[in-house]
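Take a look at the structures below.
Two complexes follow with subunit A in common, the first pairing it with subunit B and the second with subunit C.
Presenting the complex of A and B:
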C-alpha cells in the first residue's frame, strides 16, 4: 500500500520536485559565484574580516528559496487532491486516515530533506573552499532553522488545504504565518544556537496537528 | 483514535497559545508605543554639581539636580572638558580649573567614553581574529594577511589560500606554552580594527580561566600571563586602545563588579558602580581630566557615581522614571496578558523563547474567561473531565487560552466524546 502511495505521489510531484531541486542547486551555485567574485574584487583578508565582524550571511539567498520549496511542494501535493476530490477517495480506502496522511506527508518531508542535504553539501564545499572552517560551522547552525521552518511551512500548507471549515482555514493561515516566521528571525550567524532544541520541539508538535485537520476532513465527508 | 485526537487538539491549542502570546502583545505594543525619554548625567568640574540633560522627541533640556535650568551656552561652560572645542571657538575655555592648567591637547587625551551593553556581553562572535602588527614602524596600522584561532594550538589561517600558516602557528603556540597557556581558549577579547591610534592585541581567557595578553611585536609573539585572578568570574572584557594609556580594558564579572586593567603591570582597578546588573543594564564610563563618571542605565532609571582620578567616590546620583508598565497602556496590558513571550530581546542577540510574566492583576480576566469557558462547555453537556482540561488551560493562559478555544471551537461535534 505504502509503495503504491509513494508511486502515486512520485507520479504527481516528480517534475515539480526536480524543478525545485534545480532551483535550489542554482541558488547555491549563484552563492558560489557571488563569493568567488567577492574574492576577486577585494583582498581575501578584508573579506574574511568584514564577514567575521559584521556576520555577513553570504548564503542568505537560500533562506527564502528553501521556504518556497516547502510551500510549493505542499501546494502541488494537496491542491490537486482537494480540487479534484481525490483525497476523499483516498480516505475511503480501508486504511486509517491518520496513517495515510502520515505516509503522504512523510514522502514530502523526505524529499525536502534530500533537497536540503544537497543544499548543505554544496554550501559546505563553497564555505570550506573560500573561508576558515568557523564559517562552515556557523553556516550549518544558521541554516538549520530555515530548513526546519520550510518543513513546518509544508505541514501548515497541508493543514490549511485539508481543513474543511473556511473560517478555521483562515485562522490556520494566520497561525501558520506567525509560526513559520519564528524560524526566520534574527540577523547574523547562529542566532538559534542556545534555543534550537526548543524550536525543534515546537516543530515536532506542529508535525502532529495536521492529524486534527485530517480527522475533521474525514468526519466532514463521512 | 478519539483519545489521540483530544491530545492533538490540546497540542493545537498550545501552538495557538504560543503564537498568540508572541504576536498579540507585539502588535499591542506596536500600537501603543510609548515615548522614549533619555537622561544623560554630567558632573561639572566648575560647580562640582551634577547636570542632567533630558531629551525627548521635542528636544533637549539642561538642568541641575535642584531643577535650575541652564541654557546651552551655560551648559557648555559648566562642562568644559566635553565641550572644549566649542569653548575654544567662542573664546570661553578657562585657562585653569582648581589650579590645573587647561591645555586642549591634554583635555582631548583624557576624554574617553566607554560603553558596555548586555547585548555585547551576551554576544558570541566567531573566535577568529586578525593579529595586527603592533610595532610596524608605519604611521597606520595594517590588516594582516591571516586570522588566528586558539583551539588545541594557536593557528593562523592565511586568507588568500585558506591554509594554516604552520611556521607562524608553531612560533605563537610555543610562546603561549612557555607562558603557561592552557589550550583551548575560552574567549578572545580584542578590538580588531585598524582605525585606532596603536594596537594592544588581545586579552585571552584560557581553559583554566587565566587571562593572557597576546600581541605581535615586529613579527614576534608577545604573550604574557596578566596574573589576573582566575576566580574573578570574568564575563566580558571591553578593549579599546587610547593614547592616555592608563588602562588596557574594562572587565565585567559575573558578580557585576567592574574593573579597569591598568597599564601598571595589569593591576586591576575596581570601579564603584552602583547597583549594576550586567545582564540588564547599560554601563557607561565617561572619563575626563578630573573625573570618571560611572553611569548604570536601567530600563526605568539610572545610577551615577563620580570618582576622582584616584577612583575615590566624589558624588552619587540616582533617578527612577516611570516605565511603560505605569502608563495606561501598561496597566491595561498587565490585566490583559498573563504572560508575554518574545523571541527577540534587547539584551541578547540570540533568538529564544523569552517569557515575561504579569502580576496578579491578570488573574481577574483569566478567571472571568475561565468562568465563561465552564459555562460554555456546561451548556454543551461536556464531561467534567473535559471541562476541567480546557478551563484549566484558560485559567493558566488567560486570553491566549480563550482565543485557542475560539479557534479550535469544534469540541462539541465529536460523536461519542462528550
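Presenting the complex of A and C:
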C-alpha cells in the first residue's frame, strides 16, 4: 500500500520535483562558476584570506532556494488534496488516517533529503576543489540548518493547508514564519553549531504538530 | 439480514446553527436507501458523519456495527464512496488511477471498471482532468464497482450529469445491486430518477425529518387532494392531517397521509367551504415537493 501511495505522490509531483532538483543543481553549479571566476581573477591567498576574515558564505545563494524547495513541494502536494476536499478520497482508503498522513509527508521528506544530498555533494566537490578543508567543514554545518528549515517549512505548509479552522490557520502562518525564520537568521560560518540539536528537535515538533491539524480536519471536514 | 448502517438520535450543529436533530434511521443490508431533501437540509453532512469525516454533536452512527468516526481499515474497504461532483485524483489517467486503487482493496476486480471505460470515447492515457463531467462520473462509478464494496455511498451522483449519463448511472447501479445483493445509500437532487430505484427513503426538512419509510408505502399513503373554495384569502396551516398545502386563487392542493373522508371531515371541522374535492395521482417528485414544499 505504501508503494501505491508513493506512486500517487510521484504522479502528482514528479515534474515539480524534477524542476526543483534542476533549479537546486543549477544554483550550486552557479556557485562553482562564481568561485572559478573569483580564483581566476585573484590569487588564491587573497581570496582565502578575505573569505576567512569576512566569513564570506560563498554558497549563500542556495539558502533561499532550499527554503523555496520545501515550500513549493508542500503547496503542490497539498493544494490538489484540499481542492474540492480530495483529502476525503485519501482518508477513505482502507488505511489508518494518521498512518496515511505520516506516509504522505515521509515521501516528501525523503524527496527533500535526496535533493539536499545532491546539493551537499556538489557543494563539497566545489569547496574541496577551491578552498582548504575547514571551508568544507564549515559549509556542512552552515547549510544543515537551512536544510532542516526547509523540511520544517514543508511541514508547516502541510499544517496550514489541512487546518480547517481559519483562525487556527492564520495563527499557524504566524508561528510558521517565526519558526522557519530561526533557521535562516545566522550570518557567517557555523553560527548554529551549538544549537543544531535544538533545530533537530524543532523539526521533530513540527513533524508531530501536523497530526493535530489532520485530527481537526477529520473532525470538522464539510 | 442485519443493518449496514444504524443512525440513532443524530444531532449536528455548525457553530450555533442546527443542521438536524434526532435523526434516526437504519439501512438494511441489500437494500437501496435514499436520503432526500432540499439544499441545505443536511444530506452531505449526514454522509460526512457516516464516513467519519465529521464528528456529530450527539447521537450514534454505526457502519457495519462500528462507530463511523473510528472505522477500521477492514470496514472502510467494504464501503465504496462517491464524493459529490464525482471528485477523483484528476492528475491521474484512466490506467494510473485503476493501478493506484487496486493495491488497497483485496476484492478488486478491474473488469467492471474497464468495461465501463470501453464505453467512453477516451483513451487509457487520458487524464481525468481533461474529461467531461459525465465521463468523470463513469470513472468514479467504475472504480467503486471494481472495489466490489458491500455498501455504496453515493453523494449526489446526478450533479452535473445530463439525462443520458444519469440513466446510464442508475441502470448500472440497478443491475449491479440486484446481481450482487449490495447495499446502496444515495442522495440526489433529481428525484424522478430514483422513483423505480429506491427501496426506502428518509426525507429531510430543515432541522427535522419529514418521513422515513419504504418508497412504495410512501407513494401509496401520501396523497394529494385538490379542491376549489369560495373562501377569500384562505390560509391553511400544517397539522396532523394537512402536511402541506398550495393555494392559487380559489384552487387549493393539500398533501396528506389521510384518506379522503378524513380530509373532508377536517375541512368541515375548520369551516372551510369546498367543492370538487378529488385525489390527484403523484410521481415521487410530486410527492417530494408536496411534503417538502416548493420554497
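As a working rule, the second predicted complex is superposed on the first by the 220 of 222 C-alpha atoms of A that agree within 3 Å, B and C clash if a C-alpha of one lies under 4 Å from a C-alpha of the other, contacts with A are read in each partner's own complex, and residues count from 1 in each chain.
To be clear about the criterion, contacts are C-beta pairs under 8 Å (C-beta built on N, C-alpha and C of every residue); 3 or more make two chains touch, one makes a residue touch a chain.
Quick caveat, the model's predicted, so the values are computed rather than measured.
Undergrad: Return first, second, both or neither, reflecting whether A:96 touches subunit B, subunit C, both chains, or no partner chain.
TA: Both partners.
Undergrad: In the overlaid three-chain picture, which partner chain does A:52 touch, first (subunit B) or second (subunit C), both, or neither?
TA: First partner only.
Undergrad: Is subunit A touched at more residues by subunit B or by subunit C?
TA: B
Undergrad: Could you say whether A:169 touches subunit B, subunit C, both of them, or neither, answering first, second, both or neither?
TA: neither
Undergrad: May I ask you to decide whether A:129 touches subunit B, subunit C, both, or neither, giving the answer as first, second, both or neither?
TA: first
Undergrad: Find the residues of subunit A that appear in the contact set with subunit B and again in the contact set with subunit C.
TA: The overlap between the subunit B and subunit C interfaces on subunit A comprises residues 96, 219.
Undergrad: Mind pulling up the subunit C residues that touch subunit A in the complex?
TA: The touching residues are 14, 44-45, 48, 51-55, 73-74, 76-77, 79, 81, 83, 85, 87-92, 96, 99-100, 103-105.
Undergrad: Quick check: in the complex, which residue numbers of subunit A touch subunit B?
TA: On the subunit A side, the touching residues are 43-49, 52-53, 55, 96, 98, 128-132, 134-135, 138, 145, 165, 168, 171, 175, 178-179, 182, 185-186, 188-195, 198, 202, 205-206, 208-209, 211-212, 215-216, 219.
Undergrad: Under the definition above, what is the set of subunit B residues touching subunit A in their complex?
TA: So the residues of subunit B in touch with subunit A come to 1, 4-5, 8-9, 11-12, 14-16, 18-19, 22-23, 124-130, 143-147, 149, 157, 159-160, 162, 192, 343-344, 349-353, 407, 409-410, 413.
Undergrad: Which of the residues in subunit A come into contact with subunit C in the complex?
TA: For subunit A paired with subunit C, touching residues are 1, 3-4, 7-8, 11-12, 80, 84-86, 88-89, 91-96, 218-222.
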